[in-house]
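Below are two complexes that have chain A in common, paired first with chain B and then with chain C.
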Partner chain A sequence: MMSPDTSLAFTLRGVRKAFRYFALDGLDLQLPLGQIMGLVGPNGAGKSTTIRLLMGLIAPEAGVIEVLGQRVPEHAARAKRDVAFVAEDMRLYGAATLAWHMRLVASIFPNWDEVYAQQLLKRFNLHAEQPTRGLSRGEHIKAMLLLALARRPRLLVLDEPTSGLDPVARYELLSELMEIVRDDSRSILFSSHNTLDVERVCDQIAFLDRGRLVDVSDKEAFLERWRRLQLDVPPGVTLPVLADVVEVSSSARLATLTTNNYQPELQATLERAGARVHEVQRMSLEEIFVASVMRSRGEAAS
Partner chain B sequence: MSSVFWALVRKDMYVLRVFAMTGVATGLVALGAMLTGKVGFAIGGILYLTAHIAMGIMIGMYGFMSDRKEQTRLFSLSLPISGQHHDLAKLTAAFATYGIPWAILTGAAAMVVLLSGVFPRGFLVYGLLVQGCCLALFSVFVAVLFVAKTEPLAGLAIIVTNILFSLFMMTLAQESISGSMKGPRIVWSDAALTLAACETGLAVLAVVFAISIILRKRDHL
Partner chain C sequence: MHSAFVVSQTDPRPLYLQIKDQIRHRIAVGALKPGDEIPSIRALAAGARVSVITIKRAYLELELEGIIQTRHGRGSFVAEGVRLADTLNQQELDQHLQAAARVAALLHLTDDDLVERLRKVRRELAERKP
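What follows is the complex of A and B.
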């Protein structure tokens, strides 16, 4: 039996979980301590399933899950002492006040930081004595985030926390997350289908689609690797088949080539073949995400 | 059990307290009404049984069904407790929230029968059997809620337990069973003892069933 790697916030190896109409299969993912990972995928990609597996809320049919060195789901209770979890569809008890929730969480977590909780209360403009059923969507998320952050977790797991938030609330939430990771012993797993949010806060990015991991890398590497080339292809010239070219689309003499492993030599190779490179464009994370998913779906179909 | 377990039990009892307090208040008012004469007895009796039934349904529906539907369950499962212990805490809290008012009302009903002089003392057996039936059917309802995850199924469980309660009341009303309960002495006839044993057996079976479901479950959402 392998001993747990203490430099990792979590690791999933060969994880499988099947439902009637959906299966997460062969998932391998890990996050080093002190990093923020963005788990990006379209709706139904398996982001929430992955997070629920990590939290021990559902059990895998195969594979190994470790969170902060603890096997999950077997020792999920022990792991959750240092993990805070907030999900978009999670709700607090409507009839109870935020103060009551704070007392409940404080009674369970010895690391509860009351001073920090009071600071967050002010920063988020929340009222502790207000029953939580009166909170707006954004306030509700902030209240749950307060309850999560003030327990000073080593790993913060956020399932679509910015979904449905107005731009100001989203900005506040993301700023708070960036503040947290100044302390580099804390890690965050952040799922979203909003690539702008992920691009803003994450170090590592994992793309998930239809229950499979499409790609995982650190953000800078993603942005460096992916390029779109605008080409002029004269009549009679055929572009060579190149590895790492994800997509080629053409219209008359103009062609657009997308690569997921850009090297400057690619330009020379294309020009040797007779094409002329007009422009090499960087791609946004959203464009990279869409291209990755479409490529993965194409491969699965063939 | 860990401190988190007991914190979750206290949490559920706090969340469900309004149903318990309303149940006790209504039950006590009903007992008072039962002392005021024939009409008062009839109205109080219906109110007393309604208080028990409504309290059981509300505790079950709010404690289990709403918890799932409103996703508050996701919040409590995020705390450092295993899924099994989380559900055992819910089971414990449901029985504590129903059981404490049930015990208060059972005690109050026994005192009324024994001390008021309005009812024959033999009526105590009748009252205790009705109370036992309420507790047994609450156990069945709660056990079913660990399996039935949709509102229609929970509704079906309510209908079935109410039918069982009506059948029980009809059985209890038979002269051969309730005859001795109208006398001045407290008599546990064979029929009464059999009914008490059935109630106990049903409650134990329901709790064992619920615990076995909890311990076998691997997915907790």
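What follows is the complex of A and C.
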């Protein structure tokens, strides 16, 4: 048996989990310690399933899962001492106050940081003595985040943390996430539809679609690989068929070419074929995500 | 001072380049001097709320350009070297000239046309001065 890799916050190897209408298959994913990973995918891509597998809430049919060096789900309880997890659908006891919840969590987890918890109360603009049933949706999410952050977990897992937060709360949350990884032994995994947040704070980006990992790499490499080229194509010129070109759309005399492995030589190749490169554009993570998913679905269909 | 690094997500420059440019700018105007310590990668990442990997890339490139030095276990410093501000200003000028040359090519301007345009801009700037 392989010994656990202690430089990783978690690892999934060849993980499979099937449901009636959905299957996650052959999932390989690792997060090095000290990094933030963004899990991006459309609805039904398998983001929550991936997170539930990591949390030991469901068991895989095949493959290996380790969290902070512990096999999951077998030793999930041991791993979870240092893992905090927040999902939107989690509930607090409505009749109890946030202060009651804070005392409860503090009694279970010895790393609870009361000073930090009090700071977060102020920053998130929450009232400890208010029964949680009176909280708005955004306040509810902030209360759950407070309970998770003040445990000072080594791995923080957030399912859609920024949806439902107002811009000020989102700003505060992203600041807290960046404060956490000042410590290079702490790691964060979060799933999000908000590609702007992911593009800003994540070190690793994983794209999921329909239960498959479409792409994963460090963010800088990701953004550097993708480019969109605007071309002038004179009459009679045919664009060559090129590797690494994800999409070409053309109308009279103009073409837009998208590549996921941009090299400067591509321009020379196109110019030799008679096209003129009018502009080379960088792409936002959102544009890259959409192009990746469309390509992956195209490949699956053909 | 660390918190003064701010990046914009509507700026067409990628985030790592914005960080690089801000550090170069601080050196160019003398706010950071040769030998000065600059924030650690993780401290700057937290201050600017930008991923660690982005700051790492900015620092790596600044190091390769000889603008900063990282001493293992001691942090990163502005490289020792005279006329650094000068060099950076020269590099900045080159960047603007390259951009101008690209647009000139699109407009099919000759070198003489471009030089004449530059003279005109400089005359206009000189006249505007009080």
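One rule holds in what follows: the second predicted complex is superposed on the first by the 302 of 302 C-alpha atoms of A that agree within 3 Å, B and C clash if a C-alpha of one lies under 4 Å from a C-alpha of the other, contacts with A are read in each partner's own complex, and residues count from 1 in each chain.
Following the convention adopted for this analysis, a contact is a pair of C-beta atoms (placed from the backbone, for glycine too) under 8 Å apart; a residue touches a chain by one contact, two chains touch by 3 or more.
Please read all numbers here as calculations on a predicted model, not as lab measurements.
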item	value
Three-chain arrangement built on chain A, chain B and chain C clash or fit	fit
Partner chain(s) touched by A:A96 [first = chain B, second = chain C, both, neither]	first
First (chain B), second (chain C), both or neither touched by A:L239	neither
Partner chain(s) touched by A:E179 [first = chain B, second = chain C, both, neither]	second
Angle, in degrees and to the nearest 10, that opens at chain A between the C-alpha centres of chain B and chain C	150
Which of chain B and chain C A:M55 touches, first, second, both or neither	first
Contacts of A:C202 with chain B and chain C, given as first, second, both or neither	second
When both partners are placed on the shared chain, which of chain B and chain C touches more of chain A	B
Partner chain(s) touched by A:L126 [first = chain B, second = chain C, both, neither]	neither
Per-pair minimum CA distance [chain C against chain B, superposed on A] in Å	26
On chain A, positions contacted by chain B and by chain C	none
Touching residues (chain side chain A, partner chain C) in the complex	34-36, 171, 174-175, 178-179, 181-182, 184, 196, 199-204, 218-220, 223, 278, 282
For the chain B and chain A complex, residues of the former touching the latter	2-4, 7, 11, 14-15, 18, 70-72, 74-75, 77-83, 85, 218-221
Of all residues in chain A, those that touch chain B in their complex	52, 55-59, 73, 76-78, 80-81, 84-87, 89-96, 100, 104-105, 107-109, 144
Residue ranges of chain C touching chain A (in the complex, touch as defined)	9, 12, 14-16, 42-43, 45-46, 49-54, 57, 106
